[in-house]
Structure formats: C-alpha cells, structure tokens
Amino acid sequence: MSLSVALIGATGYTGLEVAKLLSVHPQARLTIATARADAGQPIASVHPSLVGRVDLVLEELDADKIASRCDVAMCCLPHGASAETVRGLCAAGVRVIDFSADFRLSSLDVYEHWYKVKHPWPERVGQTVYGLPEFFADEIAKADLVANPGCYPTSAILPLAPLAKAGLIETDDIIVDSKSGVSGAGRGLKLGTLYCETNESIAAYAVGSHRHGPEIDDLVGRIGGIDPQVIFTPHLTPMSRGILSTIYVRPKSDDVVGAVKQVTQCWRDCYGEQPFVNVVDHLPATAHVAGTNYVQMAARASGKRIVLLSAIDNLAKGASGAAIQNMNVMFGIDQQVGLN
Amino acid sequence: MSLSVALIGATGYTGLEVAKLLSVHPQARLTIATARADAGQPIASVHPSLVGRVDLVLEELDADKIASRCDVAMCCLPHGASAETVRGLCAAGVRVIDFSADFRLSSLDVYEHWYKVKHPWPERVGQTVYGLPEFFADEIAKADLVANPGCYPTSAILPLAPLAKAGLIETDDIIVDSKSGVSGAGRGLKLGTLYCETNESIAAYAVGSHRHGPEIDDLVGRIGGIDPQVIFTPHLTPMSRGILSTIYVRPKSDDVVGAVKQVTQCWRDCYGEQPFVNVVDHLPATAHVAGTNYVQMAARASGKRIVLLSAIDNLAKGASGAAIQNMNVMFGIDQQVGLN
Amino acid sequence: MSLSVALIGATGYTGLEVAKLLSVHPQARLTIATARADAGQPIASVHPSLVGRVDLVLEELDADKIASRCDVAMCCLPHGASAETVRGLCAAGVRVIDFSADFRLSSLDVYEHWYKVKHPWPERVGQTVYGLPEFFADEIAKADLVANPGCYPTSAILPLAPLAKAGLIETDDIIVDSKSGVSGAGRGLKLGTLYCETNESIAAYAVGSHRHGPEIDDLVGRIGGIDPQVIFTPHLTPMSRGILSTIYVRPKSDDVVGAVKQVTQCWRDCYGEQPFVNVVDHLPATAHVAGTNYVQMAARASGKRIVLLSAIDNLAKGASGAAIQNMNVMFGIDQQVGLN
Amino acid sequence: MSLSVALIGATGYTGLEVAKLLSVHPQARLTIATARADAGQPIASVHPSLVGRVDLVLEELDADKIASRCDVAMCCLPHGASAETVRGLCAAGVRVIDFSADFRLSSLDVYEHWYKVKHPWPERVGQTVYGLPEFFADEIAKADLVANPGCYPTSAILPLAPLAKAGLIETDDIIVDSKSGVSGAGRGLKLGTLYCETNESIAAYAVGSHRHGPEIDDLVGRIGGIDPQVIFTPHLTPMSRGILSTIYVRPKSDDVVGAVKQVTQCWRDCYGEQPFVNVVDHLPATAHVAGTNYVQMAARASGKRIVLLSAIDNLAKGASGAAIQNMNVMFGIDQQVGLN
C-alpha cells in the first residue's frame, strides 16, 4: 500500500516538516502540495532543504482534484480559513487531518469566544475526534476528520490527563509554564520573530489569554472526567524547535514523595504500550527529543507540589509528526512507520 | 575620589563583568586582580575582551597587600572558600562585597543543611547585610561586609517582597519558575554547559533542590515579615545572559484584575525612587535589560492567579552590577554612577 | 558643553544603538528622535530596552526644528532617501553624520551603477569626508557632513589600508571573506532574517555583488594610493552582532613569516595612538569586541598568503559607535568620551 | 540481511549520530557499543536522546568479541589511539570504518609531521581507501578498512576535485574559508567550546596550521592528478552543526562568467548519478542540509575569481552519515538506505 497525500498550505514550517516526513515514509507519498501565493513554483524553491528530496510543483487548492487523486489531506491553514477548506474536502470525500484549532474544542461557545470568528462548520465542533492516538486511537481509525492537537496542549495533556483520570492530583490550581522554540510562531513576517528580537532573549507572551489554555482545560477534563482549572503561560525561547512544559500540581496525598512515585507508576501503566511516550529518570530537555516524535516526561517533588516536566519537538509530536502518527492510525499502518 | 578596588577570583564571568564595569567607572578603578591558577598572566590574556581596556597582571591573593592598597574587595570565590577568604580580608581591615552565598542567609542551620559545609565564620551568618540596596541601603552604607545577592533571588525578591509586606498576596503557595542564561552556571568545565549540550535546548535542573530556593524564602520572609513557602524551579535556557522569572501568586482579594492594579501600584510606591527598577506595561524580555543593571517587572491576571514577570541580566543586576551598586552605596557615591 | 543631537530614523537597530550610546554620553544628549510610522509614540515603546533610559516621544522629521534646536543630526535612513533628507538638513545649517552609503564613494558613476538610483545631491559625491577618524580626523573635525562608513568596509579597510599604503602587499587579488551577525540586515520584515531561517545556519549572500565591495576598493585605494582589486563575500552568521573579516593577501616579500611581522609592525605604527584599534596576539573573535567600539586585528602566515583577521561590533564601530566617535571629533571632544 | 555493527567510542557526538542512524537503518543494527569510562552504563544514560530508541549497555572494547559477533566496526577514537585499535580489529577479521585521520593520507611523512605521533600501523598509510564513495566506491566495496573522511575535507574535496581533474581551475592559490558548527570540536571538556565562549561569536582557529589542510591537498591532488596549494582557514561558528566552505578559485579561462557555467556543468556531469550531491541554484546554507547526508554546492563569479560554496552537516555527510554510506557500499546495500 502507498497512500497518496495532499498537503494544503505547504509553505510554513509545519508544511515543510510534513513534506520531509513523507519523503521517508515507506507507505505514503506526497502527491499534491498547495500554496496560494507560490503556486507554480517548485516546493524546493520555497524550502531549499527539500532539494533532491521532494520534487513537486506547488498548486492552487482544488478539492475535486485532491479527492480524485489523494487518500488523505493534511490541512495547514490558519483557523477559520481551515474549517472552510476542510468542509469542502470532506464533502468531496477526502479524509482530512486538520492542523488548525477549528475542530479541537468540545464547545462552539468556547471556540467562538476565544477565536473571535463565526465557525464555518459548527456542526462538527464537539463531533470531531481529537488526534491524540494515545487516548483516541479507535476513533481516529474510523474518522473522516481528525483535529490534530495544538503543540502546547500535547505537552500538557499527556502528563496531566492520566493523573487527573486516576484521581492523583487536585485539579483546581494546575499551573502549566511552557517554553517554546520560535518555529511555533510560524513563518509569517512578524517583528517579534526576527532573529535579533528573539535571540538571546526569553519572554512570556499572551499571559492569561493564550488560546491553548482552554484546549488544555477541555482535553484534560474530557479524558480525566473532571473540570480542571489550568493556568497556562507560554514563553518564546531562543531556539528553533522544542517545547518544555513545567507543570505544578498538588497531589491529593500529603506524602509528596510517595505521590511522585504514584505519578510515575500511573504514567507507566497508561503509556507502557505507547511507542512515543517515554517516562524518564533524568530531567527532560528539548534537545533530547529534537527532530523526533517522542515525548519525555519526568516528575519531581518540590515542597507541597509535584513538578511534572515534559519535552516534545513542537513541529514533530507537536504538529507534523502527530499528523503522520494519526494518518498511520487512520489507515491501519503501524503508528511508528515513518516516524522512528 | 577614586576608590581602589581588589577583585578576588577574576577569571570567571562575574569577575570579567566587574572588570568591565570598573573600567568605565569614573570614581573607582581596579588595582588588584587575583587568580590562583593564572597568577602572573595579564588579565587580558584570560579575558581577551579586556585588551585595551584593563591593563593588570593577575596576582596571588595577599590580604595584607589588598588591605594596604585597596578600599574595597569584591570576592568572586565559591561558597565555603569565600567565607574563609572574606574573614581574612575583613580582619585585615578591607571592606568586602562577597559574591558567594556564605553570608546571605539568616540561619546557620539552613546554610549548613543546604550547602553541606561547615561554615568557616559562623558568627557572621545572620549578622551580615544582604546587598539589595532597594531595601537595605542604610545598612549597606555602613557595612564592613555585604552579601551580594544570588541572581535568581534578585529576580524573585524584588517583585515578591513588597507584595508580601503589603499583605496583597497569599504566601503559602508561591511558584517561581525561572529561566536563566548559561553564564549563570559559571566558566568551569562541565559537560552540561558545552555549547552543543545547551544550544537549542531548554531544561529544568535541581527541581525542588536548588540552593536559591531557601534564599528567596528567607529574604521575602525577612522583608515581608512573613514565613513564605516558595516553590522554585530553575531552567537552563539557550542564551548567554539574562534571567526571566515567571511567578505565580494568589491575591488575597477575589478580584484578580483589581489585584493586578494593586500590585502595580504597590510596586510603583515601593520602587518609584529606585533608579534600577522599572515597572513596565509590556511583558519583560531578558533582551530588554541585557548588559544593564535594570530590572523590568510586570503583572497580569491569569485565572485565579496573578502572574508576575521580572527580567534582569544575571551578570549585571544579578551579580556584578549589583556589586558596583553596593560599592557606590558603601562609599557615598550615587547609586547610578558607572552603571547607566 | 552638552551637544544637542537629533536622530533621524530612530526605529532600527542603528537608531537604537545611537540612543543607548547618547544616554550615557556625558557631553551630548538626544533631544529629537524622528520616525515616520511611529511618530507620537514614546521611543521606549518601540525599543523596550530604553525604558528608564531614554524619555523622548518620536516626532515627524522637521529640518527647521532640528536646525533651531540641535547641533548635529545622525541620519539613519536608507540610501537615496537619506541624501534627500541630508541635503535639507545641511541647507538648514545642521551638521550631519549620515549612516547611508550616499556620500561614501568617490565616484558618482560607481554610486549610480551599484545603487541603481539617481543621486539626489550629486555635487557632494566625492566631496564628503569618509568618517573613519583613524585616517580622516582633521577633515571630520571641520566637516558639515560626514559619511559614516559601512560596517563591512570598516572591518576591511582598517587592516588593509595601512598595508597597501606601506606597499607591503600585492593589491590585485585581495580576498575579503566576512561574517556578519544578523543585525546588519536591519529591523525590516524579511523572510531571511526570521529567527528560524537564520538560526543554526550560515550562508553567503550577494556573492560578487554586494555594494560594500566597491566601498572597500574605493577607500583602500584612496588611503593606499593604489587601485586594488578586492573580492568580497559577506556571510550571514547566526548571532545578533559582530563582524569577523578573514582577509587573504599576498605579501610582496617571499618570506611570508617575515612579512607577517612587518604587517604587525606596520599596524602598530599606524594605530599606536588610535584609541579603538588593538593589534592582538590571539585570534580575534567577535565576542571580544561585542558592545564596544574596539577593533581587534591579527595576522598569520598560511602558505604563500598572509591571513588578516579583524573583528568589530557591526552596530558599534561598524555604525553607531563610529558615529559617536565622529561626533566627538567634529565637536572637539576626546574620541573616547561616551565610548569606553 | 541485517548487518551487526560495533561502535567503538560511543560517547562522543559522532558516536551518538551513528547510534541514531543505525536505529532507523532497515538492514543494520547496533549490537555492541564500547566506551572506556562509561562501560556498564546504558548508552541512553550517556545520550538521553537515545531513550526508547537504542537499548544497549556500553562495554569495554574486546576485539575478539566484536569479531565473533559483528560484521563491521565503526571506530570513533582519536588519532593514534585509533590506528592501534583498528589494527587489532582488522587482525581479528572485522571490517572497519575508521573515523580518525590515521589512514587518510597518502604519505607517512606528512602524517607524522602534522599529527606529531609515531604511526602504530605505518604499512597501511597510503594503502587504505579514502571513504568518499563519490570517487572510490569500487575500492570501498572490497575494503577491509575504510578511512572515513574529515568533515572539512569533505566540504572542500567534493567541489574542488572534479574541477581540478577537468583542468578548469588554477591549482596554485586555492583558498578554502570554512565555517563549522561547534560539534566539530567534539564533546570533550574545553574552555573554547563552553556555551558562553562560543555563543554570539565567530572566530578563526588554527590559521595556517589545521590538519585538514594537508588532507584537502592530498585528496584534491590524488583525484585531480595535480599538486594543489590550498590555503585552508577553519572558523568556529555559533551553531551546533554544519559546515559551509567558501572556496576561491581562479578559472583557467579569462571569461569568469563562462567558467562558472563550466564549473556547474562539470559538477553535474560528475555527480549526476550520485544520490547525495546536489548542485543548486540558490546559495547553500548549512540549515538546508542539517540532519541529512546531502551536500549542496553552487558557484558564482566574483571579480577574477569563482567562488564555490558547499554546505554539509558535519556530523552526517561530514562523519557519521558518510560512515553509513560507506558501510552500505561495503556490503552491497544501496547507498541511500538508512540515509534518506
């Protein structure tokens, strides 16, 4: 079997990563790559690292053409615009993995409050599987549309959700302090992502107002069967790739050291069979998972809190790697194919 | 007036920074610089950035010589070793600014518990002024010995202490998540500070066990008249200089947005006359204070918490700049001289 | 004396650096800062590192106002636009230091060939002093208009010109391989200067076609009294600041090792009294001069060539520091004031 | 077929890279990894990025054990020490790919002059194939011992050798100005590779005296059938990985622009069938080949010279990727297996 894959919005960093990953995937190949502004140009002229690796010319988006030639589409468009496009692709019969936030949340109200747009396909909000195969593999396997998770949420949900579900932690004052590489901000031209603005500098942004906050709340709540209150602070860190989340939770038990052991055991029970989640003894660093689909997680006692640490590559497990993983699940391919 | 200054332990990054700052100070000059291993060599051969700026030969430490020639000594030795040396300098009549942690804490027990050494001069523990002129200028002015603050503590005490003192925040579950540039780890040869180990990587270290935790507790408690419980997590960040601390506090008031305004007003009241503390509207970035003795602080509401953000240069306000500021206060020089 | 200085085009990196340098200059102060798009805003809102250091509101450019209130204007506009503005300022009686290339070259033809614009004030081309005080201090002292040197040319002219003048080197096949930090590319929004495009990457650009090539030719020729042929290749290097130029010359003598000694002696003779040029024994690194107006230069034998190495900070000696140095010379202030 | 591979000296960066590459190679697996100091520890505790990817315990070196269990050994030891070990492995019947310089050069005298050691196995100097499959694939296929090329030489030989062979360039004044990421300096503890020493800094090192100079001379000469004089200058660049070489050659033809076309055509003729060498239109950047075994090369006219630009990943095509490529050739596997 060789899947034929369309990539919608190929000029950004997630698009580039999808193209690279597909170029080494033994059971899938990129056959259509679209880009509005650069249609007609070779993809390798937009991404010079694809020279000799991907030999495609960028096209305008044509849903029918994709439907007739592709098994699956990966849609890397901004929110709002994405839902519109995804709707058309689904209508044309293409299975879709959507990188935007348009179908991730359970509630239309929450979506429209945080994203400030009228949703173009409201019926599917709350009716679309969240693309975290560690929890939703069965639904992903059958899905016509998968909402690929946000990068920060992936780094927070994976450590938090099993603990919430197991009742090991209080869920009313969870603090998620996340540090992301600059690629998370995209390839658009913004003063804040110029080299000289970000190099040698770390800063928080969108404190108390980042859209990934409600996504973490929603999924930790959905998986854990609770209603958590997460305080989420993202930081722009002077590196290209990677997210480290430092998460402060209060254990239900007063024995914090014992609770750390329970946390570790809970993780091992939950993720023992999962190929990409590694519970580690050392303190995870983003470099340890750079360029891979792996997650590294560890826990430590600190005063009356447990500190959970998780590291991912924001472009891999936080975006394009997760999409390949989802594609594998959707088409009955082993999750690790093309990703190890 | 021109102060004559001795620098003890000149080969590290804080020593280099002291040498640079003194080279442009109009009322002080570096006259003796010591280094055990490199004695006999020009300081500029150890620090090539001092060529044409500082023309001194490194010497062995000689307390009597320093006493006869210098008004003040800056001691950049490791803890334990420092106290020993400082004792000798004080005995010889030299006023000393000590960069180590040996005289910062109130309690000998806490010191010996965390630093795992027998203190060489226990009488002075709890009897030495903490070198934060924003709070202790009067005592610093008269001191024979000043304990120069730790870098992380400076970034946490300045935002926290006035709020604790004013009773605006709960003090039992304060979370300090700090991100430091690599120079904070010193110039010693360690695998963890090699370029390829730290570049493109962020990681926490010493979670729940870093020695600056009790220092923050101690000083916030001392200034605020309370007994706080601070959870402190340091992170190694891929940049040379700077510390950003993201601090999560619960306001006493339920009106978090109103409490943020109170926080800002409290800071302005406390620091309005202080030359180096700036309460800012934007979110501070370490680059905004790089190479300066300034602190930038801001506050934001996030759920039921207030997030305090503070940025300093770890080698300037976090170490050598603070030492110059202390020296100015000790000798009746305007705080800003040589530092703006 | 306190000079009143106007800064034209204050929102870029060179403008920021001028503002910082003037904020610590004991004999000059920034009184007017202009910016087209951001007029009406505090300069510290555009450059958050100026909070607490520079308290000015950006204005529209008004040559008469500048003439009535300022002794000197520093013009940080792009070429072409700059000449137009400079002409107006000079007409209004303001002495000007121009950061653009508009008045640097000897020949109008060369200018119009390389810069592809009609020069707005052609009479001054070839009739304006080049702002390198190491060679032209007397003319700078009397000038109404100074052409502040290009960053790359400064790093190449200083090592090459005295050798050319002394007849120590062949001048027909000089190779200048320069590596610059990203700030040299300015603060405009360009894909190529996004963090993720430049981080972890080095590349040449404008090979055989960079406009600083003819500037190096022109000045080395003018100072050396020869007609050199310089091959110049700039590289974008993953760092914010600094230029290292590696320059390959053939000595006239067959004794390359002996010629290296002659080179070093020639430099010492030429620059012995110059406060900012340091001939060093070690191999210069850009970090050694970061944030300073210093140049470090060294020479080594390699086969039949001599390799000259020079390091500067592109924003300091390569732009804004040089401008302050020029200002000092223009107004009879010691060159080092505000710069050491 | 699945080759069993031994990795000798597994704790450095090249060893790590070999381990990563083998972990995804479909026809080879790492079965023995040795390390003197860390024997007995899991390899993933030395390299935390191998958690979940490579599950081996480091061992002491035992040539007989390797001979009985492995098809091939990759030897990542320092020069001198390597030859000693390689001799033992070869004697035990293991085919070896040696990462050191011990068997790369044609001449024992040149080796002993530059490496300042008595060679432990002098008979094989000049009698060992140089592991550049683009030129020596037939010999590599049959070899018991392959000398894996140096990183800088790879970046210089690939662009230069075909031009020398085709007689397109003068070979008496070739200048190779190379910029390498810090991983090239290894994982040993050295002041010069600390983060704060290399970050934000570029500098040349070993000017006129780097050991890769004679290696470039030797191979360009051997392949081109000439006796070239190459001036080689390496630079330490603030990035982890990558080498860019900027190479200045004089064409035999006076028509430089025409000669650039000949150069490009010569390269296409030489490398058209080679899977890893890409002649590109854009100017190569190290980021374009990061993490891959590809080379990107381009040529430009500049005055009377042609500037050749080549970019590789120093740890991939410059070391461990090349070793995998050599292994593939040695065992009749397609060159690209495990490398694309």
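Residue numbering begins at 1 within each chain, and the chains themselves are lettered A, B, C and D in the order written.
The rule is short, and it goes like this: a contact is a pair of C-beta atoms (placed from the backbone, for glycine too) under 8 Å apart; a residue touches a chain by one contact, two chains touch by 3 or more.
Predicted model, so just to flag it, every value in this text is computed and none were measured.
Set side by side, the interfaces A-D and A-B show unequal numbers of C-beta pairs in contact, with more at A-B. The chain with its Cα centre farthest from the Cα centre of chain D is B. In terms of their C-alpha centroids, the spacing between chain A and chain C amounts to 46 Å. Mean C-alpha positions place chain A and chain D at a centre distance of 36 Å. We define each chain's centre as the mean of its Cα atoms; on that basis chain A and chain B are separated by 39 Å. Touching of two or more other chains is recorded for residues 197, 199-200, 238-240, 284-285, 287-288, 290 of chain D.
By the touch criterion stated above, chain A contacts chain C in their complex at residues 13, 182-183, 187, 189-191, 193-200, 238-240. Remark: chain C residues 23-24, 45, 48-49, 51-53, 200, 275-276, 278, 280, 282, 284-285, 287-292, 294, 296, 340 touch chain B in the complex. On the side of chain A, the complex with chain B involves touching residues 173, 175, 177, 179, 181, 197, 199-205, 207-208, 229-233, 235, 237-242, 244, 246, 248, 283-288, 290, 300-305, 307, 309, 311.
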